[in-house]
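Chain naming follows the written order as A, B, C and D, and within any one chain the residues start at number 1.
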Amino acid sequence: MSDLGYDAAHMLGAVVLLMSFALLYQRRLFSLLNVFTMQALALTATAAWQAYSHGEPHLYITALLTLVLKAILIPVALHRIVVKMKIHRTIEPALGIGLTMVAGVSLVTLSILLVLPVTADATALTRENLALSLSVVLLGLLMMISRRNAVSQVVGFMSIENGLILAAVGVAGMPLVVEMSVAFSVMVAFIIFGIFLFHIRERFDTLDMQKIESFRGESD
Amino acid sequence: MSAVAVIVATPLIGAAVLALVPGHRLGARLNIGFSTVTLLASLVLFGLEPSSGALFVVDAFNIYLIALTAFVGLTTSVFSASYIAHEIAVGKLDERKLRFYHAMYQAFMFTMLLALSANNLGVMWVAVEGATLTTVLMVSLYRTAASIEAAWKYFILCGVGIALALFGTILMYMAAQPVMGPGMAAMTWTELMDHVAKISPAILNLAFVFLLIGYGTKVGLAPLHAWLPDAHAEGPTPISAVLSGLLLNVALYAVLRFKMLLAANGQAIAPGPLMIAMGLASLLLAGLMLYRRRDVKRFFAYSSIEHMGIITFAFGMGGPLANFAGLLHMAMHSLTKSAIFYAVGHAVQVTGTQRMDRISGLTVSHPALGWGLLAGVVAIAGLPPFGVFMSEFLLVTSTFAREPLLALPLVVGILVAFGALVLRVQQLCFGAPGGVEGGGASVEPVPVQGTLVPLYAHLALVLVAGVWLPGPLVAWFQTVAALLG
Amino acid sequence: MGLVVSAIAFLFAVAVAGAVARRLPQAPTVVYGGTAGACALIALWAAVRLAGGGPDAALVLPVGLPWIQAHLRADALSAVFLMVVNIGGITASLFGWGYERAHHDRHGGSHGGSHGGTQDGPVLPLYPLFLAGMNMVLIAADAFTFLLSWEFMSLASWLLVLSTHREPETPKAARLYIIMASFGTACLLLAFGVLATAHGDYSFAAIRAHAPAAGAAALVVVLILLGAGSKAGLVPLHVWLPLAHPAAPSHVSALMSGVMTKVAVYAMIRVLFDLLGEPEWWWGGVTMGFGALTAVMGVLYALMQDDVKRLLAYSTVENIGAIVIALGLALVFKAAHTPVIAALALAAALLHVVNHSLFKSLLFFAAGAMLTATGSRDLNRLGGLIHRMPTTAVLALIGAAAISALPPLNGFVGEWLLFQAILNAPALSAWSLKIEIAVVGAALALATALAGACFVRLYGIAFLGRPRSRAAGEAVEVGRAMRLGMAVPAVLCVVLGVLPTPLIRLFEPALRLLVEAGPFDGRAYQPWFWLAPTSAIGNSYNGLIMLVVIALLSVVLVLGIHRKASDRVRWSIPWGCGFDGPDPAAVTQYTASSFGQPIRRAFGSTVFRARDHVDMPAPGDTRPARLSVTWTDPAWVVVVEPPARAVGWLAEKANRLQFMTIRRYLTLMFLALVVLLVMVAVTQR
Amino acid sequence: MTLLLATLHQILQMLLVLTLAPLLTGWVRLVKARLVGRRGPSVLQPYRDLLRLLRKEVVLARNASWLFRSVPYMMFTAIWLAAGLVPVFTTQLALAPTADLIALIALLGSARFFLALAGMDTGTSFGGIGSSREMMIAALAEPAMLMIVFSVAILVRSTSLAEIADFMMSGAVGLRISLALALIALVMVAIAENARIPIDNPATHLELTMVHEAMVLEYSGRHLALVEAASMLKLLLYMALIACVFAPWGMATAGSGVAAALGGMVVFVAKLAVGGTLLALFETSIAKMRVFRVGEFLGGALLLSLLGAIFLYVSRGV
């Protein structure tokens, strides 16, 4: 593999990771959506680059899917939900932003520690790719648990997915990537549909998950 | 291979057909019909040699699980027919929802059979994800606040879990790709098993952690179990039966496949301690949670967590005896727990409540049901002559002989759960008959005409297994037990 | 062996018949008749096997654990216990048949609710299963079959206890019972886990083949004492017993107390003497200590009971204590390589097993008869039954005298043999054991004497004096089947008391199997009517001659007195301090509580925190004074409450996990992931 | 021949104890009376009392059962037999191998068991008081007694009274602390079992302090005669027992002739006289204790006897 291919892939992956940090940093919903769009764009670029450099045309489909769904449709849909449902525009953090950042950095460190022993016969690309995608996944999870707002949780969930796709496109010859990313997108769609559905039914006043769970099973 | 194709295709066709069939009676009958065909096809497998292809694999491990799944699918469809008839009669469900329900039921069977028979990591993942989606829809079938909340919880938690499992799957490919080259081979069970010894253990370890957490969420291992009790409690009871009886097994099957890879690799971290820790945590936590439960279905859902903990512990211990015990326990738990849910569903319809303190004296008011429920709980509590006793016997004795200190929490956990089960089953089955306002049969608005055939069929199987296991099954178990390390 | 297995299979068939036809009027006859028949068959087989000798009967059935299969084997030890179980089964069936009919007639088959006797649950199908389970335990020859049968026995008896589930006390008792039973089974599971090793050699033959290491053996001893002890009722694991045994219908109580506890004793003997190989000296010491504690505590508990059946259950605890003392002695002497004395002690244990099964069944039957006749098992509501139920009174008197170890009945013979074994303590070399045996001997003597007091109290309050309730005053004698069911064990009590030697001869094959000696080894001449075991210290006993001499002296006495004395008799009202109306409530006679008061004062106030509360009316007030007693079972405080409280506390804490938000659940998941990843990161270093 | 002789001895002994028992009681009463300065009744007074009671009519409580009426015979037989088992003038007794010391204690236990039942049969409070207290005393006295038996049996290596007497006479024992403890314990038990001061007062009818007398309060006529006679026999039995174990000298043994047996009888009468005097002395010099102190008293006896058994191991090293 050429140095250029390696460097470009590395750089694009790093951008995705950077965007994950940026997501953690946001306090306002709209800017969160914007950052997410940028992450999706970076991911699209990665997928397209890998398709080109490895000569695997099916990755173009992945890139396209990412672009259409993640960079366009979903941000727009979420934007409309926020507006239509009059969701509070600021994000309530369950964990302070500073602490979140510290946790994020620790997670990245952990990822690197985990990847370090992977030397034996893995190529450098796999290693970098692995560290980056692992970090993105963990940061996405952190995002989900450190925010109270439902929209930001959806965003966190999707950023986990971005990490997955980053990993999948980075490894040579991964079959079924498209199928799996489609299957995953169905799930995301479900979530968004669910939010709509619940709102339409007016079973819950707000999408704050604490309130959704007022019933909690056996609290009688 | 064609038999497997039939097994997987039948429910898929069934789902399509049932989505179009109006009328719940016909739907229920067709549902039973498709399930019967699936079961018959899966019985054919017993006569065939184990085989593997690009898409499907049939070996000692999944053959009995496929048959079990098809069987429980059939009995549940029979139970479901009588269950929904009552739900229609009392107006809790309508025709439109039932059409959806039947289609989803077959779709769910499809995903599970696919997950069990797939020879490909990716296909299996897709199937498990599909199973999640279909069951989420079915859990929310009643559209009550509680059921939607339960479905939402289920969906979010298992969604994250399934995402992590996908990451694990990708990692697995990443690990295998340098050795096996790019392409399908590195995602195929049979190929992986042949080459896994050469794979670098570092990524394998990482992959296993993600797979354990990911699929483990679906198994219901503590502390990833939170979705399970609510999903069981709020959905229709047939769905609770298949969730406990089948879905948990399928998820565990996935974990175990990966454990086999690790065991065959030899250099990777031993997955045993991780599984033992999570198994014990599930067992102890679920055992304690049983005590404060009021909802009968949630109660037995926690009992499922407990048993999944025991099974995970058994596979974590490893060795021929413990693995054998684990495999047996999977089958026994599946049959017993679904039987219990049949009985519970019936009891809930009879008494009109899911609150345990309002149900009592079932053996007096409804002897066949009450004694059936009692037998089911006795079986799940690990009392002889039922099959769970045999697996727990093997597990406890072999564990204590090897790791005495691990056997103690195991026994304590089993006893704690046992105490709760006894407490509740005595209350449900004995004493003065209760029910709606303690009136028993007289206030029953709609007479319940449920069939107890599935319940007793399961109990009979569990009873037979408790004293006698057929030779081929033993041989399969022993083969798999050896592979699991 | 085929015969025994077929008989057990027949019991299952009877159970099925009972389940199917339980509404038919002939059902009790079929079930109890069938059960009695099967039991008679097995008992006969066992007796023939013991008398005739011959090789062990063995059978391997293709069921159970696939690679082991079910090993069944009836050696001499099994045969002894098969005899005990099935003789108990026969008498209980006889009595149960009558009992069932009496209760059927009384309640007309409806769910009538008089205290202590209602059966809503099905006894008929479960009763043969219970007996089948006990028989299966005795012939099991691999760990799996053994524990399966063991737990099956618990299951059947649990359901039998639950047959009175409408009684307010029953559910709690049943729950505690099955939990303790499962605790016991868990201990046995662990014990067999050690014995079978990690290779899974579950058959008894394989276990015998490789003796465990010292540490493992010690573990097994402790686990067996806990496991079988909890079933037998060893203090402090006895807490369930006095609740569960009385809750069942009386013939089932008799089986549970008289017979099932013996199956637990069998388990102890099987493991400690047979499977574990050569014993260490301290095993017996520990066993004996528990036995002594059990004997004394059991009888003290019994003395404080007002409930007839509960009193009997506590008395079972005491007798199990005596049996376990004998087992401990046998272990000690076996370890000290004095097999003849070990055989003596073990013979005492087996004899007491037989004896207790007889008189405890008899007494539970008597309690059942009282319950049938008066509807009450509260001592303070009985009295004067000797006039109303003459046959039951005589038979119960035999039982009470036998259990109080009065000569020339069988209880005394067992006690006598046991003391003979205790007297051989000087043959031991360990100092601590000698002193322990002296103390154990004192405890046993104390327990025996207290048992006498206990049964004077039971018999005196229930059968003698004046009725304490209307129901007791109007009681009528029970039916013929029930009386016959009581008469059989009563006659056996007398016969075995007078002629114990033939029975002990029957034990000999079992004793040779376990301790490789017989109690009469080295005695040249040993007539069948004489009991003179071989022993360094001790003497002989002859119940037959005692009986003859007593009879002779009595005849002489009666004749002498009646020749000399006046025959005039005048009936009169005794002085009752002015209270002599017919009203039972106003009678000044002693109550059960007041009878127990002196002994309670002497023993109970510290151990049981027993407190008397006297409600004394003011002078001039004519209402009666009342004495009430409160007491606490210390074992309850130690054994039941702490775990129950711990589980409750933990359950309360854990319950918070049910009420968290999704985000928190996700956090748990995240943390689990991170912890596992860190573990991987650390272990990879 | 030996068997025939033994049987003859046995019959003689049975008659002897029966004859001597009221005499002993009369003697004790006489000595006690003299000690407190009264003249006291004749030594033969107990015989007259018994005969008079026999001639009197029986008054029965209305709800007394057959048990009440048969208990006097049963207990008398049991105690008579027990008394016949203790060697008094010879160790050659036919019944010796039939029943040893343990059986003897059990026989006494039977007598007490039935008497206590009889006390409860009439349904009055006095019978209950007596029975419950009697059983409480017995519950402590019996184990103490058995422990004494243990000490002695371990020393002698037999529980047969005849063998014990033979062994003690042989002088192989010497002075032993455990024997001394056993003796003290045995005396304490004997006092309790015979309802003597300080445990009970055979002459009292004060209900709060009665034990034995309360139990037999409803008896009259021939029944009372039997009960009284049995008590007298029991007193003699315990004296004979103490004499047999701790002072067996003068008894005829195997092979000794008729003269020895006759001598044994004379010695036995002398022993009884001494024992009776000692008892009277003891009783006049001590006050009766409260009923609930009895437990402590007998608990002391039990501990002493246990200590005796343990000391035996220490001193003898067996």
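Please note the rule applied: a contact is a pair of C-beta atoms (placed from the backbone, for glycine too) under 8 Å apart; a residue touches a chain by one contact, two chains touch by 3 or more.
Not measured: the values here are computed from a predicted model.
Engineer: Out of curiosity, which chains are bumping into both chain C and chain D?
Structural biologist: none
Engineer: Going by the contact definition up top, give me the pair of chains with the most C-beta pairs touching.
Structural biologist: Ranked by C-beta contact count, first place goes to C-D.
Engineer: Where centres are the averaged C-alpha coordinates, which chain has the largest centre distance to chain C?
Structural biologist: Comparing chain centres, A lies farthest from chain C.
Engineer: Any idea how many Å lie between the Cα centroids of chain B and chain C?
Structural biologist: Distance between chain centres: 43 Å.
Engineer: Taking each chain's centre as the mean position of its Cα atoms, how many Å separate chain A from chain D?
Structural biologist: Once rounded, the distance between the two centres reads 99 Å.
Engineer: Indicate the whole-number Å distance between the mean C-alpha point of chain B and the mean C-alpha point of chain D.
Structural biologist: Averaging C-alpha atoms per chain gives centres 77 Å apart.
Engineer: Take the average of all CA coordinates in chain A, do the same for chain C, and state the distance between these two points in whole angstrom.
Structural biologist: Roughly 68 Å separates the two chain centres.
Engineer: I need the residues of chain B touching at least two other chains; which ones are they?
Structural biologist: 152-153, 156, 160, 164, 202, 206, 229
Engineer: So which bits of chain A are touching at least two other chains?
Structural biologist: 114, 117, 141, 144, 153, 212-213, 216-218
Engineer: Out of chain C, which residues touch more than one other chain, so two or more?
Structural biologist: Within chain C, residues 658, 662, 666, 673, 677, 680, 684 contact more than one other chain.
Engineer: Throw together a list of every chain pair that touches.
Structural biologist: A-B, A-C, B-C, C-D
Engineer: Applying the document's contact rule, which stretches of chain C touch chain A when the two form their complex?
Structural biologist: Listed in rising order, the residues are 658-659, 661-663, 666-667, 670, 673-674, 677-678, 680-681, 684.
Engineer: In their complex, what parts of chain C are in touch with chain D?
Structural biologist: Contacts found on chain C: 383-384, 386-387, 393, 397, 401, 404-407, 412, 415-416, 419-420, 422-423, 425-426, 431, 434-435, 438-439, 441-442, 445-446, 448-450, 452-453, 455-457, 459-461, 464-466, 532, 536-542, 545-546, 549-550, 553-554, 557-558, 561, 564-566, 568-577, 587-590, 594-599, 601-602.
Engineer: In the complex formed with chain B, which residues of chain A make contact?
Structural biologist: Residues 114, 117-123, 126, 130, 133-134, 137, 141, 144, 153, 157, 160-161, 163-164, 167-168, 171-176, 179-180, 183-184, 186-187, 190-191, 194, 198, 201, 203, 212-213, 215-218, 220.
Engineer: Touching residues of chain A toward chain C in the complex: what are they?
Structural biologist: 94, 107, 110, 113-114, 117, 138, 141-142, 144-145, 148, 153, 209-210, 212-213, 216-219
Engineer: Hey, which residues of chain B end up touching chain A in the complex?
Structural biologist: The touching residues are 120, 122-123, 125-126, 129-130, 132-133, 136, 143, 145-146, 148-150, 152-153, 155-156, 159-160, 162-164, 166-167, 170-171, 173-174, 177-179, 181-184, 186-187, 200, 202-203, 206, 229-230, 233, 293-295, 298.
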